[in-house]
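In the two assemblies presented below, chain A is common to both, partnered first by chain B and then by chain C.
What follows is the complex of A and B.
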């Protein structure tokens, strides 16, 4: 059994709103093996980005971890001081690539300078920037930027969206992290460019043996990228399975409904829809969060909360139908 | 007779403003957003226009409704040129042809409640004889798009993205149009809401015999909603044919590249081993010579660099612009 890079136990996260705490994540249990790509999928407001930010401790001051723990390489990182977290984990062992590369690069510094900064801090301020330039150009070349010598001296606005995302990936992989959190890194990109970036990401993962938590709402993308998928709904993980198993034998009614309403070029029958809407945080129904929209719901769903249970080897689902 | 016919549409955006440009004396920058595009849309058809960002999809959509004036070319609506419409004819055209905009929120007036948003077109086109049953008419329209009566009193900021989109659709339907231009009507929506909007648009098309010009970059959606597809690259149509043909027997190398990036959830494959087209769309300010796709095309040969291919019939009803086929 390979080592677990990340282990999350019974995590709950709350946001403060008008003096009250609203629970946005509840009963999150998740494990990530080394070198594994785990996709976290769900609709907007399901809490997938919040989970990513919680792991990297990027939550705003209004949020708090209400209960649970996060183990990274066997160490509880919830209790680390901010300084230790910054020195040891963030940007060193864990990195993040965000949705909009435009917001992640500083517009007034040259792209090369920003890569040099990362290299400079990685060398613990031992090497000077001139020595590092060659290394930086090498990195640009590696992520597939043509004419890297010239591009090194350009500003972010002179880069296209796809190239900026390549630079972000390059910067994330400089410190050779054990875990990369990718929050919808290809949402703003065109289809062909998206495929290029995901191809690059797959190759980098293989080379660096990095684990990835890939946050996405696009099931088509994660089908070709991830080893396992965790489906989130209204602040909970409702199903975790191997990628192919999830698509071929979905267990949870939400996963099933989601797959049925996904337009797919191989599908010609009428699309199904899920009646109702995703509940707002703080306004979750009693019992199973999905029961008001679920076509199979029965009495027990309205009263009790189903926990995530193993229904098959490595296939977890939170649904009372499995108990029947 | 086709409902909409576009003949050799060209739209160049010229930028020669600004003191620095004048001082540098470089001459105007010309962006060929749409360069010689022709197509027809028959009644009750859905023509989907697909392509990557910057290929001119939205410019085509806006030109077809005369929201921007074309540089050259002609757009015929029911056989008559919309660029020669007088004020009265244009108003009739504005009633018959509607648009659903890309951003559901910014296209709704934040100071209006839903009732005012949906009924505004009725006021503009003098379709209200009696104010007393106006609210009934609004409720009817909201019901059509699956919103209950209480939504008529809400402001746009109180609506979710999917609801805002439905209000946009209700507004477009208020005047019982024949032709609707849909500019990425499902972008930014969650999967479950997207499927609801797609089903709704399909149902409305059957009910009111609507004709759609559907701009999209989601090919799965295009497969579901359209029966004709035009693929655009750098301001030109490179291939246009039936949806079935484009998904199964496309001929243009760009179509092939674009559709090879398309994967369904039932395909067994991964990004690691997948062959992917290299490069990105070049700038329309300085497009490549000859065929604008040749720098990225794996089949390109000498002729492609020099001569621009014309859009020609490969077989009946299937046009492609590629030297490999003519």
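What follows is the complex of A and C.
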């Protein structure tokens, strides 16, 4: 079995709101093998992005890790000082691509300058910018930007969303990270561009052997990309399985409901939805978080909290139906 | 090597800004007025036709003539020469005061927004205390404590308008630091100094520059006003305010005399504010997409 690159144990994250701490993540247990692409899916508000930010320690000041630990390459990164974390891990070993490429580049500098900056700081200020320019143009070319020499000198507002996301990917891969957190990198893009970016991402992964935590709300997108999928609901992971297994034999009612929501062009019936909404943190129901929207819920779901249990090899689910 | 690279990039950016401003008549108008003022200030002894301090009582309060293009004042001094020499304190006060307030304002504003917490409360309290007084009262009190001189006028004006910059910098920093590109930079491993100097300062720089362009004009007016009240530059040193004050007593006998310093003040303010406006457009990449 390959090494675990990321191991999250019993993680809980809280946000401070009006003097009270609200739990937004609870009992998160997750492992990521090196070279693996793990997709994190769930509705808006399920805590996917919060988990991604927690791993990179980019949470706002109002949030705190209430309990649990995160091990990255065997090292507990929760206990590293901010400076050490920034020097050793963030941007070096881990990088992130954020959701909205429209604002992801600084509007006052040329795109090339910004790539040069990343290269320059990565070289520990050893190389000068002229030497690095060639490298930067090369990188632009690699992520599929046409006429890179010319594009190098343009400003972000002259780039399309897809091109900006290509640049962001390029910048994230400059330091050859072992783990890339991709926070819905294609959500703001249209479908054809999305396909191109996903293609580019898989090529880069193959080339750099990077593990990816791919955050998305779109099961259709992650189906072709990921090795495993973790489904999140209301701050918890409710099911983890190999991609194929999850699609073929979804165990948790929420996963099933999500899969039912995928549009199917062959069927003419109306698009399925899951009735109700994700509860707000602080308003989580007693018992299983999903029970108010679950069509299978029974008495026990309203009283107890199901934990994540292994129901098959490498297939985890948090549902009492498995006990019946 | 690194320094020259940095300078090179700065130069390239300035070239772009200049390119945009070249198409703007406001830049020409404002720029030429500012150049005129600067040249008069720097080369005053070469430009001025006569000695601004040389009195000639037999020729007092004369109107414009070939010898004295703008006439003479109550002591027979050449008004044009005094106007030209008076550009010096005007330039010193406006640039000096702005530089002081911009530097203090940026430091305090950045600290307040970036560090937050108690430090932010303390800094905002300082701003509020300064802003609580009407500026004229604060300036007059401080000036009468320290005593009028060119340096004290510069420092006091700088400190008095500093909260404007502090608040603008703080507000802009607060919004910039939540921008996606700051988060993206952070996720790529940028440390605080890189985020401040690369991502926040360049983005707020334009507003500070434009604001300071506007304030330079008002600085000149403040200096003139204080000198007019006898709290700024002291005679016989010439300043437009001093000249206004000297000439308003003769407004009935020599009405033209008061016109010249007033015109000089107006022209300078016009120059700074039109230039600042043009700069605002040129510095914002979003406002000049066609380039």
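Keep in mind that, in the parts below, the second predicted complex is superposed on the first by the 316 of 324 C-alpha atoms of A that agree within 3 Å, B and C clash if a C-alpha of one lies under 4 Å from a C-alpha of the other, contacts with A are read in each partner's own complex, and residues count from 1 in each chain.
In this text, contacts are C-beta pairs under 8 Å (C-beta built on N, C-alpha and C of every residue); 3 or more make two chains touch, one makes a residue touch a chain.
It should be emphasised that the depicted structure is a prediction, and the values quoted were computed from it without experimental measurement.
The superposition on chain A brings chain B alongside chain C with room for both. Centres of mass aside, this uses C-alpha centres: at chain A, the angle toward chain B and chain C in the superposed model is 80 degrees, to the nearest 10. Once the two complexes are laid over each other on the shared chain, residue contacts for A:203 go to chain B alone; chain C is not touched.
In the superposed model, A:224 lies in contact with chain B only, and not with chain C.
In the superposition on chain A, A:121 makes contact with chain C only, while chain B stays out of contact range.
When the two structures are aligned on the shared chain, A:319 is found in touch with neither chain B nor chain C. By the touch criterion defined above, A:56 reaches chain C but does not reach chain B. Contacts of A:92 after superposition: chain C is touched, whereas chain B is not reached.
Contact with chain B, but none with chain C, is seen for A:195 once the two complexes are overlaid on the shared chain. When the two structures are aligned on their common chain, the gap between the nearest CA atoms of chain B and chain C comes to 7 Å.
Overlap of the chain B and chain C contact sets on chain A: empty, with no shared residue.
The residues of chain A lying in touch with chain C in their complex are 56, 58, 61, 83, 86-87, 90-92, 95-98, 100, 102-109, 113, 117-118, 121, 125, 128-130, 155, 157, 168, 171-172, 175, 181.
By the touch criterion given at the top, residues 43-44, 160, 162-163, 190-196, 198-199, 201-203, 206, 217, 219-220, 223-225, 244, 247, 257-259, 261-267, 270-274, 277-278 of chain A touch chain B in their complex. Looking at the complex, you find that chain C touches chain A at residues 1-2, 5, 9, 116, 179-181, 183-191, 194, 198-199, 202-203, 206, 285-286, 289. Put simply, chain B touches chain A in their complex at residues 52-53, 160-162, 190-192, 194-196, 198-199, 217-221, 223-224, 247, 257-258, 261-272, 274, 276-278, 280-281.
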